[in-house]
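Each of the next two complexes has chain A plus one other chain: chain B in the first, chain C in the second.
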Partner chain A sequence: MAPALLVLLGVLAYPIGASLLLGFQDATIAGGGVTSEWIGLGNYERMLSDPTFAIALRNSLYFTFVEVIAVVIISLAVALLLNHLGNRSGFFVVILLIPWALAPVANAVLWKWIYNANYGILNTVLLQLGLIDQKVVWLGDPFLALNMMLIADSWKAVPFITLLLLAGLQNVPSQLYRAARVDGASTWARFRHVTLPGLRVPILVAVVLQSIWALKVFDLVFVLTKGGPMDGTVVLNFLAWRVTFNFLDLGYGAAIANVLFGIMFILALIYVRALDPDRKRRRPAAE
Partner chain B sequence: MTKRRLYIPTGFSRRSFLKRSGAAAAGLAAASMMPAWASALAQDKTTLRALVPAAPDPTPPGVPNATFSAETNAAFDAWQAANNAVVAYEDVPWPQLHDKMAANFASGVHTHDVVYMSGWVPEFADFLVPFVDDLPSGLVSDLPASSFSTVTWDGRKMGVVFTLSLLTTFYNQAMFDAEGIGAPPKDWAELLGIAEQLTKDGKYGWVLNYGETAGIGGVATYWFVFLQQAGGHLYDQNGQPDFNNEAGVDSLQMMMDLMPFTDPGSITYVGINDATNVFSAGNAAMMLNWPFMWLPANDPESSAIAGQVGAALNPAGPAGSASIDGTDAYTITQTAPDPELARKLIEFYLDPAVQKSQSIDTGWLPIRLSVLNDPEVQEKSANAKVVLEQAQYPYDSYVTPDFTEVTIAISTEIQKALTGQQDAATTIANMTDQVSAIVARRG
Partner chain C sequence: MRRRLSTWGIRFALLAFMILALGPIVWGLITSFTPTSALTQTPPDLSLESFTLDNYVDVLVSRGNLPDALFDSAVVATLTASLSLVLGSAAAYALARLKVPGSNKILLAVLATQMFPGIVIAIPLFIVYSQFRPLGYSLIDTHLGLSLTYLSFTLVVVIWILKGFFESIPPQLERAAAVDGASTFQTFRLVVLPISLPVLFATGVFAFIEAWNEFFFAIILTRVDVKTVPIAIAEFSGQYRTLYGEMLAAAVLASIPVVLLAIIFRRFIVKGFVEGAVKG
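The block that comes next holds the complex of A and B.
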């Protein structure tokens, strides 16, 4: 147990603690090294008046909220289809895994070309279908670019969540469906009263995991837009990187990263609780 | 019907996976460090570590995938032998350079002896050694005096620029000929007129990467070109913003006036290559570009307009032509155990024969005036004359320790103007406020 704890302390606790401490300092790279001065909550107060931080927070929350809903709904639909196929779903599962297997940067480059205003296949297909009459600059408007990034990230996220929900579907006892059919329940009634309750935990796990992954998106922003146009696609993770490595403002960058860590920590607690909701009940009672 | 479950092979567990992954990672890490250790230990030589960009950005001889001639590579090997040294390169894609050196310098650990810089010398001046005064006088006198402006901070020359890399105007001669346009634009009025005339049938008169906000080659530095053409400058003698005036507004307005004739994707192009792809495909008639793009723009394997590319002096604004300097330079770090040997390596890179090979083989023009005027260099790099002429006009890149932060702030505002969200005067005023705030923190 002790060696494992040491590793955890070194790999996890030390960097997290160092980042928390750095967030309370005005630290920069100057004078031949890192200079720092304790400023307490100064960096966090600065966030309150930093318009770019407000944009990043808004974008991160929007991105996370919309992506979680989209990914869970799409994944549930795909999982239901695959479950319906039963033993014939193997080929489709393999195809489904391809987006998930792509490296994040490769995924970003792929979508960069799809969205290219001049040569992108998206414009080509839509023009040929007559759905648009001139090429669209998909990444030229901040809100549109943010939503196009959502599509790119959701495409990559759906496979894993689908498999998660598929595993959950396969754990729903088939006798419940038979009993429901015998009682005359419609397809929708069976979905609502048998399938969904049986998927409560997997859906909660999917929501929490996908929220964490959506919050920490970076590669897409870096490759597709570099936070533009007009800082319109800046998210918290990207802003933390930019402040730290572009501006060399280590303290403020750490503070932004700490805010992101705090949000994800809360989500992680929910995740742990969702995995084992009966943990509290099993604790031995005090004698 | 039996439902299928996920199959997990026996003997595979989380613990065994973590163990194997850890062992593999440790093995890879050790293997990656082996070449330098093995080479130096086996031959009892000094290892010089250099951080440089990966090709096609400027790479010195000896870097994998660099396209120097066999003679130059042999000269590099001979230099290593003569100096009992092994040069270990770390060549990374250009966009990653700044982050890597920031992390390296912050660590305080010696990682490199020679480091490539592009506008970052003032930012990292405290980590560098002022070695220029130790260079041979014959070498220094063969370099443009102005080339030291971007590598000098606080009165100390911290690096040496090794390539004359100024933005000039590239144009598509075939598109010009088709419209009966006899010469590239000489001034802003002609630039606007020609751009408008050539914008039709899905093609555009102008293209640039307005999606990049940071540093050299970002939209802010393109505005620096127009600002100097308008007779303006970014800072006054006290280092305060000095562009909230007619020159500042007119230069930005010029960029805005070009927008109807600019490839609309320009606002999304985050790299110069994105814009160059459009130009090389024959879909845009003109762009600002760096001298090194001359070779690939005329290479039939990478360009649809090979042999049809022209290079010209940037069109003059009210105060004449102007440009910016790419500021590609070599520097020596303070942690270098043998700064003298590092300086000798940089002298090798600036050797006339190596500089000539740099120009002819890689397309990156030399910085040495004697080599720039070499007939063979001028024949192979037809744009060398144009760049030399461009160097007669202002080309200040306004580098400061917070250059990245300043350019991002300026670029973000300029993007708002280019997309029609605010007018030039408001944009210039906003830019002035933001740069003032950054300068105030500069101290």
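The block that comes next holds the complex of A and C.
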């Protein structure tokens, strides 16, 4: 217990504390050393008037919001489909594991190639189908690039959430379905009144986990666009990295990281509350 | 009639699912076996005559640092998995057996630590690693430095999975050992560990995959001496003239070990990790 705790203190607790403090400093790397000076809330005030920060915040929120909704809905559909297959779903579970296990960087280069404006398969296929009449520069427009990034990230995210919801579906007691059928409930009514309530916790967990992962997106931005065009794909995580390690502005970078940390901490609290075993045990007694 | 219709509907949905799930992967594989000259024709020349292993030969033999990167990744991932298991199994056992007060809450707190953005940890660690030189060496650009950092996200999950497993071992086994005069540590080493080996191995595989795929800390904390596979692949995409065939061949080679491990250990991953996320 003690050694593990010591390591976690060293690589988790200490850096988090240090990052919080660094957010109140003006720190830069110069000549191999770090020089710093306390400036109170200076970094946070600077954020308020920093247009790039506003763009990054907006991009992060948009990216997270849309990805969570898209991924959870698609995953739910796939999970229902696979659940329908019962024991024959094994083969499809294997297929789901491939995108999940792929390195995010491998996924990113794959999509960079698919989206390639001159030779990419996406343009080739859409041209053949007649859906577009000339090649589209998918990563050339700020908002379009952000959405293309969304698609590439969702493709990799759906498998895990699907497996999670599939596990949840298998926990819904089959007696409930039988009872609903006996009562003459339609397919939709069974979905609405048996499946969805039974999936309450798995869906909540999926929403929170996927929000956290979407807020953390970095590898894809780095490989696909490096934040461009015109900062159109700069998200908070990427901005904090760029400010710190390209502009060597450690204090401001840490302050941006802390804002992201704050958002994710709230989400983590929701996750913990949703799963708190004491709370779950208390509920049936209260009803 | 309605039943037949729904069967066809399901078949169609499954087909769409297969195409969407596997299409990008299949295209990546095809690309990796096609010379760049054939890929950059319109339409691309995908006939069997253009099939080639040149991309693989190029990234593995002629040029590039992929072999070194594969080695570095193997070292970092193995080190991370080993450290996670050694530290994590002891902590998990303590949490499962020794009645640590409020250990349910501890675990939830531990799980919440999983959700910190890497950047919060990376900036201070970068400063510490560059300035702290116990024996004249800094931890920047070392296998150990990177592995220690990876413990920040593997260790908590390993503890969490193993705690669940240790709790499922009947305590009678350990009580019998205690009656025979074994200390807690002896019981752990001689009774609990041997029956836990399969689960330990599978948990180690999880840590290995996570460490193998990690990019963010690697790009901050390593430079020249240690270059893991994701960094090597990203470098392909940053070149002035991207060699797509070679880039995809590198991505395929990097993915084979982790995809195989994930498929072999799928039952454990789905049971231990996915379902665990819902049960807490």
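Simple rule for what comes next: the second predicted complex is superposed on the first by the 270 of 287 C-alpha atoms of A that agree within 3 Å, B and C clash if a C-alpha of one lies under 4 Å from a C-alpha of the other, contacts with A are read in each partner's own complex, and residues count from 1 in each chain.
Throughout what follows, a contact is a pair of C-beta atoms (placed from the backbone, for glycine too) under 8 Å apart; a residue touches a chain by one contact, two chains touch by 3 or more.
Worth saying up front: this structure is predicted, and the values here are computed from it rather than measured.
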Mind checking the superposed model to see whether chain B and chain C fit together on chain A or clash?
clash
Touched partner set for A:N116, first chain B, second chain C, both or neither:
both
Determine, under the contact definition given at the top, whether A:P104 touches first (chain B), second (chain C), both, or neither.
second
Of the two partner chains, chain B (first) and chain C (second), which one does A:A167 touch, if any: first, second, both, or neither?
both
In the superposed arrangement, which partner chain does A:N87 touch: chain B (first), chain C (second), both, or neither?
first
Identify which of chain B and chain C touches the larger number of residues of chain A.
C
Just checking: does A:A30 make contact with chain B only, chain C only, both, or neither of them? Give me first, second, both or neither.
first
Mind working out whether A:A18 is in touch with chain B, chain C, both or neither, as first, second, both or neither?
second
Just to be sure I read the superposition right, which of the two partners does A:M264 touch: chain B = first, chain C = second, or both, or neither?
second
Who does A:I73 touch here: chain B (first), chain C (second), both, or neither?
neither
Is A:A189 contacted by the first partner chain B, the second partner chain C, both or neither?
neither
Considering each complex separately, which residues of chain A are in contact with chain B in the first and with chain C in the second?
32-34, 116, 118, 163, 167, 245, 250
Touching residues (chain side chain A, partner chain C) in the complex:
1, 3-5, 7-8, 10-12, 14-16, 18-19, 22, 32-34, 78, 81, 84-85, 92-106, 108-114, 116, 118-119, 121, 124, 155, 159-160, 163-164, 167-168, 201-202, 205, 209, 212, 215-216, 218-219, 222-223, 237, 240-241, 244-245, 250, 253-254, 257-258, 260-261, 264-265, 267-269, 271-272, 275-278
Which residues of chain B touch chain A once you look at their complex with the stated criterion?
1, 3-6, 98-99, 102-103, 105-106, 108, 123-124, 126-127, 211-214, 263-265, 267-268, 270, 278, 281, 283, 334, 402, 404-405, 408, 412, 415-416, 419, 421
Residues on chain A engaged by chain B in the complex (per definition of touch)
29-34, 86-87, 89-90, 115-118, 135, 137-140, 145, 163, 167, 170, 224-231, 242, 245-248, 250
Note which residues of chain C are touching chain A in the complex, please.
10, 13-14, 17-18, 20-22, 24-25, 27-28, 31, 39-40, 42-44, 83, 87-88, 90-91, 94-95, 98, 100, 104, 108-128, 130-131, 148-149, 151-152, 155-156, 159, 209, 212-213, 215-216, 219-220, 229-230, 233-234, 236-237, 244, 247-248, 251-252, 254-255, 258-259, 261-263, 266, 269-270, 274-275, 277-280
